Amino acid sequence: MKRGVPLIITFVVGTVLIFSVFIPPMENLGENFTLFFDIIAVFAFFLGGGNLLRVHLTKLSRRKRDWEYSIVTIVGFFFMLACGLFKIGNPGDISASLTAEGSWFQTIYESMFVPLGSTMYALLAFFVASASYRAFRAKNREATILLLAAFIILLGRTPLGTFVTSWIPDSFSIMQIPNLAIWIMNSPNLAGQRAIMIGIGLGVVSMSLRLILGIERTYLGGDDKL
Amino acid sequence: MRYIFVIFSLVLLTFSAGLAQVDTLGVDSILLNIAPPSPISNLTVYDKANDHGHALILEWTPSPDDGAGMNTVMLYEIFRSESPDSPFVNVGSVPLGNSRYDNIGILEKESRDYIPDNTDLYYRVDAVTINPEVRASSEVFGPVRSYSNWFHRGRVPVLLAVLIFGGLMMYFVTVARKGAELYVRPLAGISAVDDAIGRATEMGRPILYIFGLGTADMISTIASFTILSRVAKQVAEYQTQLIVPCYDPIVMTVAQEVVKSSYLDAGHPDAYNDDMVFYITTNQFAYVAAVNGIMLRELPATNIYMGKFYAESLILAETGAVAGSIQIAGTDEVGQLPFFIIACDYTLIGEELYAASAYLGREPIMLGSLKAQDYAKAAVIILSILGIIAANFGLTAFTNIFKVLD
Amino acid sequence: MNAFTPPLALALVDIGRVISLVLIAGGLLWLLIRAIKLKEVERRVIFLFIFISVAAPILFPTVFKEKATPIVKAVFDKIESLPPGSKVLLSYDFDPAMAPEVQPMADAFSRHCLVKGHKIVYMCLFATGQGQFTRTMENVIRPEFPEKIDGVDYVNIGYKAGNEGVLNVIISDFKKMFPTDVNGVPYDSVEVFKGIRSCKDLDLIISIGGGRPGIKEWVLFVGDPGDVPIATGVAAVVAPQLYPYYPKQLLGLLGGIKGAAEYESELVIHYPRFKDSPTPALLMMGPQTLAHIVIMAFIIIGNVLFIQGRRKEGKQ
Amino acid sequence: MKRSTLILMGLVVIVFALSWIFKAISFHGVEEHYVLQGFLVTLAAFLTLSIMSFLYRDNPFYKFAEHLFVGISAAFWMSMGFWSTIVGNLIPRLSEGLSNFFKVHYIPGDYNIFFYIPVILGILLLMRLSRNYGWISRWSLAFIVGTTAGLNFIRYLRSDFINQVSATYVPLLVDWQGIGHFFSNLSLSASGQFIMMLANWVIFLGVMCGIIYFFFSKEHTGMFGRASRVGIWILMITFGASFGYTVMGRISLLVGRITFLFRDWMGLNI
C-alpha cells in the first residue's frame, strides 16, 4: 500500500500520457492533468504556510536566537493573508481582481514586496564583481579559457571594445573585439549550449523512464517499515 | 500600397458599420453602388488528418476580384449547415488573399463552434465586399464528414525514438541486473561530497543542503532527492548537523521523508527531527534572503546546491564563500552553470546531476540506464555526422526525418 | 535633463562627471599598485566601486548611440511588416525584480504594436506580471495612446496559475483557460478575440521575461507544436541559451538592456513621434559601460595578484 | 546592546521619520492620501537600504527586512493561488452555488466530475500533517511525478533533443566556389567566407566534443580523451561567455534600485 500503490500510479499516469501524444482523441488529457496539478499545488501552499508558522512559533516559544524577528514574520504573514483572502480595501466587490489598484494587497505588494525583491536581486551586481575578482584567475588551462572568453565578451559589450580595436583593417575584422564577441556568442558558445542541452534532453528522457518504470524511487521516501 | 488600401477600406468599413447602427437608411451611397464580386471557385472540404475529429479544412481558388477594383473582396465568410437546404451558419472568416480555412471545432456541444463527427456537413464560402450586403456565394460543397483518428501518423518518428530508447534502456537494465560489470567514469563533484561531510564533522559545523527553486516534479529535484538521501545517511553516521531549507512545500514533505529514512538506514532514527527540513517561502528572493541569513549565522562547513537554480545561484554561492564554506553545486539550468562553475569548488554540469543519482546508488539498474544514455549519445553523434554530410550534399530527405514538430 | 536646464546645472553635471571619473580611475590605479605589492582587495571595497560606477552616471547622465544588431532588427521588422489589425500577444513573464531590464522592452513593444494599429492581447505567466502590465498601462497606453480602447484595440486577460499548463491549454483553446478578461468581460464579447480561438490564430507572440515559465516554455509548448512565430525580450542572463533557438524556433530576440536600447533607438528612428517618449534603456547604457570597465579592472587586479603570488612562491 | 548600536539605531529612526515628513509635504496637494503615500515611499526606501546593508555585514535591519519578506511572500502566494486557481479555475467547474457566491462564470460540462480528482489528491497531500496516515500523501506525489515524467519524456525528446540535433546540420562549406577561389579570397574578415565556415565547423565539432565529454561509461583516454578535453574547453568558453554577457543584466537591476532611491525617494530630478 505505502509504496506499491504510488509506483503503480506513477506508471499508469506516465504511460498513459506518453501514449496520449500519439492518439489524437486523448490529446487533451495532458492539458487537463496539468490543470489538476495546479490545483494540487495550491493545497501544498497551505501545507507550506502551516510549516512556516510551526517553525517560527517554535522559535518564539523556545526563545531561540533571533526569536524577536519571528514575530515580524508571523505578523507579516497573517496581515498579508488577511489582506489577500478577504480582499481588504479592494475598490470592487468579491469578483474584482486581487491586485486591483488601491487594495491593501496591491499596496503592500508595491511598497514592500517589490522593493525587497528587486533589491535582493540587485545585490547580484555586487556579487558579479566580487566573483569576477575572486574566481577569474588564470590557474590552469581551463580557467584561462574561461577568463579570456569572459573578458572578451565584457569588452565587447562596451564602447571601449570598439575603440581599442577599431584600427584593425577590414580584412582582419574578426580580430575587432565586437565582432569577436558576437562570433564567440554565436559559435563556440552555441556549440557548448547545444551539447549541454542535448545531454540534458537525454538525461531527462532517461530519468523520466526510470521514474515511470519505478527504478528511481527515492522521491517516495522510506520503505514500508516506517 | 496594398496595405494602405486595406487600411483605408477598413476605416470605411468601421465607419459604415457605425452609420448603420445609427440609421440604417443613412448608408453612404457609394457603398450601395458596388457591383457584386465574382464568387470563389473549386471549393473542396476534407477532414483534418491526425486529430481528434471535430475539424475540417476548406480550400478554394480565390475570387478574381480579390485585390482589384471597387468590387474588391474584403474577406471570405465561411458558412456551414447539416443539410443543403437548411439555413447556413457563419462559422468564421478570413481576410482577402487567403485560400484556406481550418474549421476547428471546440468540444462543448452547446457551442456554435461545435462540429459533430461522422455527420454529413455542407459548406459554402461567401466573397464579401466592403459593403457586407454585397457578396457572392459559392456553390455548396458536401456532404463531407469529420473523423477522429486513432493514431497520429505525423508522429511516427517520435514513437520510433521512444521505442528505440526504451528498448535500449530495458536491455541494459537487464544486462546490469544479470551482474555484468559496467564501467562508470568518476565525477569529481560526487567524490567531493564525501570529503566535505568529513570536513564538516571535524569542524563541528553543520551542512547546508539546498534544492533551489525546483518543484517536486522537476527531474533535477528528483535527482537531488537521491543525493540528499546519501548525504543524510552519512551525516547521520557522523552525527553532524544537517539544515535543509525548502522553497516548495511538496519538496519539503518529500525531503523530510527522505532524510528520515536515511537516518533510519544509518541506524540513528532517534537523531532525526522534523526541524532539520523546513519550509521558508515560495518566493525566489525572500527565500534567498532567508538562506543568506542562515549562511552567515550558522556558518555551515559545506553548502551543497543540487537542483534547479535561477538568478539566486550567485547570491547564494558568493555569500557562502564569505562564510568560508566548501561549496558543491549541480544544476541543469544552463544559464546558471557559469556562476556555479566560477563561485563553487565543484560543479556537476547538467546531465552529470542526473547521473549523480545513479552513481551514488551504484545499483546496477541505474548504471544500466547510464549506459543506455551513452548509446543514445553515440547515436546522436552518428546521426549528426550523417546529417551534416546529407545537408552538405543537398539530401534534404534525410534532414526532413527530423521535421516532426507537429 | 531637457532644453531648459540652466547653464549652471549643466556645468555642475560636467564637474560631477569629471570628479567621479577621477575618483574611479584613481582608486583602481591605487588598488593595482597595492596588488603588485601582493595586497588583497577587500570585498566591501569592490562593492563600493560598483556602487559609485553605477550611481555616478545616473546622477550625471550620458547617452550613447546604439545601432540595432540583426537579431534585434528581426523582431522590429516582423512587427513592422505585419498588416495593421494583426493580432499580437504580449506575455509579461516577469516580476518586479526583473523589471528594470525588461520593462523597457515591454513598453517599446507596446508602443510599436499600437502605433502600427495591431491588436494586442496581454497576458502573464507570472502572477506578478499583472502589476507590470499596470505600468505599461499608466506609462504608455494612457498618456500616449488615449484613443485606444480596452477590449477593441487591446485586451488584458491577466494571469492564471499553472506555468506551462496554461500554455498547454491555450494552444488549442483560449477560452478554456481565460473565460473572461481581467475585467470580467466574457471572452466572446471581447472584440480583440474575434477570430482567435487558440494561439494558432495569432500572428505573433512575444514573451517578455527571463525566468521560468518564460520564453522556453512558449517555444516548447506553443511555438513548436502550433507553428506560431515567436519573438522574445529577455534578461541578459538567459539570452545566450536562447541563441540555439534562433532563427528556426525564435524569429528574433532582445537580450538585456542593450537589446532594449537598440530597439528604442530603432523605434525613434522610424517613428519621430516617440522622440520625446522616455527611453530608459538608452539612459541605462551609461552606468553599464562604467560598471563593465570596473569589473574588467578587478579581473586584471585579481590576476596581477595571482601572478605576483606565484612569482613569490617561485622565489621561495 | 552596545551604546553605539543604540545611537546608530536612533539616528536611522530619525532619518526615516524626517523622510516621512518631507515626503508627506512633497505629496501634499498632489496625492489624496499624502501622509500614507509619504510613509509608503519612505518604507520602500528603508527596506531597500536594509537589504543593501547586508553587503557590509549581517545586521538587525537586514534581519528585520528578511523576516518581513518571508512572512508576506508566503501569504502572497497562498492568496494568489486561492483566488486565481481555486476560485478562478476549480470552483466554476464544481459548483454553481459557489460560483455565484464568488461571482465567477459557472462552466457546465460533462467531464467536470473529474475535477474532484485534484481536490481529493490535494486533501491526500494534506494528510501529510497526520502522523499515522502521512504516507497517503505519496499517492498525490506519485500522480504529480507520473504526470510530469510522461509529459517531459515526449517534450524533451521532441523539442530539446531532436530539434537541437537537427539544428546541428549546418553547411560546412559556405558559398563554395572551388578550392582556388577559397584560397585566393582567404581573409580574416568577420563577414568573409573563411570565418563563416570556421563558425560552422566550430559548432559542429564543438557539439560533438561536448557530447563526448558527457559520456559516462567509457574511459576518457586516447583519442576519446582528447576529444573530451576539447569538449571541456568548449564548455569553458560557453560559461565564460555567458557570464560576461550576463553582467549587463545584473547592472541594470542595480540601476533600477539606485534610480528609485535618487528619484522617487530623494526627489532628485534625473
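First chain written, first letter: the chains are A, B, C and D, and each begins at residue 1.
Here is the rule we go by: a contact is a pair of C-beta atoms (placed from the backbone, for glycine too) under 8 Å apart; a residue touches a chain by one contact, two chains touch by 3 or more.
Note that the coordinates shown come from a computational prediction; the quantities given were computed from them, not determined experimentally.
Student: Counting hops between chains that touch, how far apart are subunit C and subunit D?
Tutor: 1
Student: Touching both subunit B and subunit C: give me those chains, sorted by label.
Tutor: Touching subunit B and subunit C alike, sorted by label: A, D.
Student: Any idea whether A-C or A-B has more C-beta pairs in contact?
Tutor: Answer by contact count: A-B.
Student: Which chain is most remote from subunit B in terms of Cα centres?
Tutor: Ranked by distance of C-alpha centres from subunit B, the top chain is C.
Student: Using CA atom averages as chain centres, what separation in Å is found between subunit A and subunit C?
Tutor: Going by mean C-alpha positions, subunit A sits 19 Å from subunit C.
Student: Indicate the whole-number Å distance between the mean C-alpha point of subunit B and the mean C-alpha point of subunit D.
Tutor: 16
Student: Hey, how far is the Cα centre of subunit A from the one of subunit D, in Å?
Tutor: Centre separation, subunit A to subunit D: 4 Å.
Student: Check each residue of subunit B and list the ones that touch at least two other chains.
Tutor: Residues 158, 162, 165, 216-217, 219, 222, 250, 253-254, 280-286, 289, 297, 311, 334-335, 337, 339, 341-342, 349-351, 355, 370, 373, 377, 380, 405 of subunit B touch two or more partner chains.
Student: Touching at least two other chains at once: which residues of subunit A meet that condition?
Tutor: Residues 18, 21, 27-28, 30, 34-35, 37-38, 41-42, 44-45, 47-48, 52, 66, 95, 109-110, 113-114, 116-118, 120-121, 123-126, 128, 130, 132, 134, 136, 146-147, 150-151, 154, 157, 182, 185-186, 189-190, 193-194, 196-200, 202, 204-205, 207-209, 211, 219-221, 226 of subunit A each touch two or more of the other chains.
Student: Quick check: what residues of subunit C touch more than one other chain, meaning two or more?
Tutor: 43, 47, 50-51, 54, 97-100, 161-162, 184, 224, 237, 240-241, 244, 258, 288, 291-292, 295
Student: Drawing the touching chains as a network, do you get a line, a ring, a star, a complete graph or other?
Tutor: Topology of the interface graph: complete, with all chain pairs in contact.
Student: Under the definition above, what is the set of subunit B residues touching subunit D in their complex?
Tutor: Against subunit D, the touching part of subunit B is residues 108, 157-158, 161-162, 165, 182-185, 216-219, 222, 250, 253-254, 280-283, 285-287, 289-290, 292-293, 296-297, 334-335, 337-339, 341-342, 349-352, 355, 367, 370-371, 373-374, 377, 380-381, 383-385, 387-388, 390-392, 399, 402-405.
Student: Can you name the residues of subunit C that touch subunit D in the complex?
Tutor: Answer in residue numbers: 1, 44, 47, 50-51, 54-55, 58-59, 61, 97-101, 127, 159-162, 179-180, 184, 186, 210, 219-221, 224, 235-237, 239-241, 244, 248-249, 255-258, 284, 287-288, 291-292, 295.
Student: Give every residue of subunit B touching subunit C within the complex, in rising order.
Tutor: Listed in rising order, the residues of subunit B that touch subunit C are 3, 6-7, 10, 92-93, 104, 106, 113, 284-285, 310-311, 322, 334-335, 405-406.
Student: Which part of subunit A faces subunit B closely enough to touch in the complex?
Tutor: The touching residues are 18, 21-28, 37, 41, 44-45, 47-48, 51-52, 55, 58, 65-66, 116-117, 120-121, 123-124, 127-128, 130-132, 134-136, 146, 193, 196-200, 202-211, 215-216, 218-223, 225-226.
Student: In the complex, go through subunit D and note every residue touching subunit B.
Tutor: Subunit D residues touching subunit B: 51, 54, 57-58, 62-63, 65-66, 69-70, 72-74, 76-77, 109, 125, 128, 137, 141, 144-145, 147-148, 152-154, 157-158, 162-163, 165-166, 168-173, 204, 207-208, 211-212, 214-220, 235, 238-240, 242-243, 246.
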